[in-house]
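Every chain is named by a letter (A, B, C, D, E and F) in the order it is written, and numbering of its residues begins at 1.
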Amino acid sequence: MSEQEKTKVMFVCRTAPYGTVYEQEAIEAMVMFGAYEQDISVSFVGDGVFSLKKGQDTALLGKKNFSMAYPILIDDFEISHIYVEKESLEERGLSGDDLMTEVEIVDRNSLKQKMNEMKALLPF
Amino acid sequence: MLHIIKKSPYESSALNDAVNYIGQNDDVVLLVEDGVYAAKKGGKFEALLRNLTQKNSVYCLLADIKARGIQENELAENIKVIDYKGFVEKVVEHNPMTWS
Amino acid sequence: MKLGVLVKEGPYMHQAIDTAYNFIVAAMESGHEITGIFFYNDGVYNRCSTLEPPRDERNIMKLLSDLELKGVRLIVCVAAGKRRGIVNQTVCKVEEISGLGQLLELCITSDRMVTF
Amino acid sequence: MKLGVLVKEGPYMHQAIDTAYNFIVAAMESGHEITGIFFYNDGVYNRCSTLEPPRDERNIMKLLSDLELKGVRLIVCVAAGKRRGIVNQTVCKVEEISGLGQLLELCITSDRMVTF
Amino acid sequence: MSEQEKTKVMFVCRTAPYGTVYEQEAIEAMVMFGAYEQDISVSFVGDGVFSLKKGQDTALLGKKNFSMAYPILIDDFEISHIYVEKESLEERGLSGDDLMTEVEIVDRNSLKQKMNEMKALLPF
Amino acid sequence: MLHIIKKSPYESSALNDAVNYIGQNDDVVLLVEDGVYAAKKGGKFEALLRNLTQKNSVYCLLADIKARGIQENELAENIKVIDYKGFVEKVVEHNPMTWS
């Protein structure tokens, strides 16, 4: 399939992990979407950036640590891009070093441009 | 009173709403679930928490900071960490109100 | 225009399904095509077959079944449904249960995707 | 001390029931009495009998049934349940379904009420 | 039953109506509680104050207008007090004249004192 | 883009988060459900809305303001009111993003 024919879809992840199931079910959707050879990207804005925080350990909660899926999304599941919004990181006292995986840290204006190019935006 | 705060202060007014009702005397604050993000050092709410800890005890739940990858040394000053048994003790000591 | 709909919240608890319903009725009246409603997260509860709202309240199950009679495709995510107990025995129509690939298909075949 | 619990959010969607469960286990280990868990709002979904979480995830239905075996009273609000489809056929145990008066009774008989 | 023996319970309503079902189900609980001859009060703080806004008309939404229950709560259902927090009203551009029923408008400090007297606080 | 805002700005960051992504050009804002409270005259968010309407069209949903007892004359200046068919038209004109 040529690049032009691919549908551009972006997951916009705005929710912190564990307090609600949104981010966990967003990952489940990303993994499935990755199998269909479309142009899928993921952005983390607002509290969504907490999903990528290093060192998550859910043993005491008794919940599954679903964050382990993020590092393999790009390689194994054909997610084209993972963007993290710079301003949201800063506001939360985080930097790229605090994140568990290599991502593209972009500012709001750049992320906004990328959103404009999408056919569908799926907020989580 | 024990003020239990469950939501992230970045996306919810729960913390700010609670702060309006935290008295001088023996009111105590417990951050749980996404509420623990308020306690992260370097975050936007560090100053508010610092103010709060001047007159009130502020606790956060160990299981919730660990799940979210926040180490104890990443917490703002004077925030105390407790486990579920500590949570129970606080409820025994103070009448609870949950802000979600 | 072809419009796809994603519903992420449950019935009665949130207004999402009410807004989605009113939006869809208006879109169809204006001559647009609804490619489907995909129920994800707590949205799957909207297709629970045992809803019994009080008589003086809207019946969300019935409103959605009416849309289905008008040709709107209803799709309940199998994984989100299982986690919440919306499975073969409890969903309105077993044929509605499907995978996340259907959500991507809606994104591909619709001119617009609207999330409620 | 006698502790009553009110749960207002559904399983998996929100962390409320997980926090409540861990709190209750700790309270019982510390020798306190749990007067009951009242499920209201979306909390009623926690007692849906058809939950099928993935095998690598906690089974909330089972965790709650374990508490019941240890003598904790589980009460599902009949009105909130009906609205959401948690009725005789779908609730774990029909005897758990009861009215809002039981929530007030928990307030009266408990030294503390904790909301999750 | 003497006043001393009554259990003091306060509903703390913090949510706007219609967007979620919390306030509607809170009313359903208030009505039931009113029948049991305890000391039940209700407070509206934050977005909860919107529940009492005059002139609600849900016809276009297709939802039930449950706000009609508020004016009869005190008379028919033995709710002892309905408090509305002054500061929350002001922040939202509302005053007592905007409300559909006679209530006690109190400031935060007074409401906090009343909360301190309760045996149980039920947030909605 | 059409920015659909569903939560009350008093309790949620949805409006503020959306504002960060509202561009100069042809971005349009639609307040629905509890999001309409942002548009109330005399409320805390009137100034923010006034700023927004300088460069962007801001709509709110008729059914949602009526349900909440907000009359059209209680809306902040330059806020336009539309019905569900108007909502559909906006979605046809602009790619939607929902902030909840």
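As a convention for this text, a residue touches a chain if its C-beta (ideal position, glycine included) is under 8 Å from a C-beta of that chain, and two chains touch if they have at least 3 such contacts.
Please read all numbers here as calculations on a predicted model, not as lab measurements.
Undergrad: What are the mutual neighbours of subunit D and subunit F in this structure?
TA: A, B, C, E
Undergrad: Counting one step per pair of touching chains, how few steps separate subunit C from subunit F?
TA: 1
Undergrad: Taking shared residue numbers divided by all residue numbers at the interface, is the value for subunit C and subunit D over half (same) or under half (different)?
TA: Both copies touch with mostly the same residues.
Undergrad: Taking each chain's centre as the mean of its CA atoms, which one is farthest from the centre of subunit A?
TA: The chain farthest from subunit A, judged by C-alpha centres, is E.
Undergrad: Consider the two chain pairs A-B and A-C; indicate the one with the greater count of contacting C-beta pairs.
TA: Most contacts of the two pairs: A-B.
Undergrad: Could you tell me which chain lies farthest from subunit B when each chain's centre is the average position of its Cα atoms?
TA: C
Undergrad: With chain centres taken as the means of their Cα atoms, state the distance from subunit C to subunit E in Å.
TA: Result: the chain centres lie 33 Å from each other.
Undergrad: Would you mind pulling out the distance in Å between where the CA atoms of subunit B average out and where those of subunit E do?
TA: Roughly 27 Å, centre to centre.
Undergrad: So, what's the distance in Å between the C-alpha centres of subunit E and subunit D?
TA: Roughly 25 Å, centre to centre.
Undergrad: Which residues belonging to subunit E are in contact with no fewer than two other chains?
TA: Subunit E, residues with two or more chain partners: 14, 18-21, 46, 61, 63, 119-121, 123.
Undergrad: Which subunit D residues touch at least two other chains?
TA: Answer for subunit D, listing residues that touch two or more other chains: 12-13, 15, 22, 41, 57, 79, 83, 112-113, 115.
Undergrad: Among all residues of subunit F, which ones touch two or more of the remaining chains?
TA: 6, 10-11, 13, 17, 33-34, 63, 83, 95-96, 98
Undergrad: Identify every two-chain combination in which the chains touch.
TA: Result for touching pairs of chains: A-B, A-C, A-D, A-F, B-D, B-E, B-F, C-D, C-E, C-F, D-E, E-F.
Undergrad: Residue numbers of subunit D touching subunit A in their complex, please.
TA: My answer: residues 12-15, 18, 21-22, 56-58.
Undergrad: Would you pull the subunit E residues touching subunit D in the complex into a rising list?
TA: That would be residues 7, 9, 21-22, 25, 28-29, 32-33, 35-36, 38, 119-124 of subunit E.
Undergrad: Touching residues of subunit D toward subunit C in the complex: what are they?
TA: Interface residues on subunit D, with respect to subunit C: 10-13, 41-42, 45, 48-54, 57, 79, 82-87, 89-90.
Undergrad: Using the touch rule from the top, collect the residues of subunit D that touch subunit E in their complex.
TA: 4, 6, 8, 40-41, 79-80, 83, 99-101, 103-104, 107-108, 110, 112-113, 115
Undergrad: If you look only at subunit A, which of its residues touch subunit B in the complex?
TA: These residues of subunit A touch subunit B: 14-20, 46-47, 50, 53-61, 63, 65, 67, 91-94, 100.
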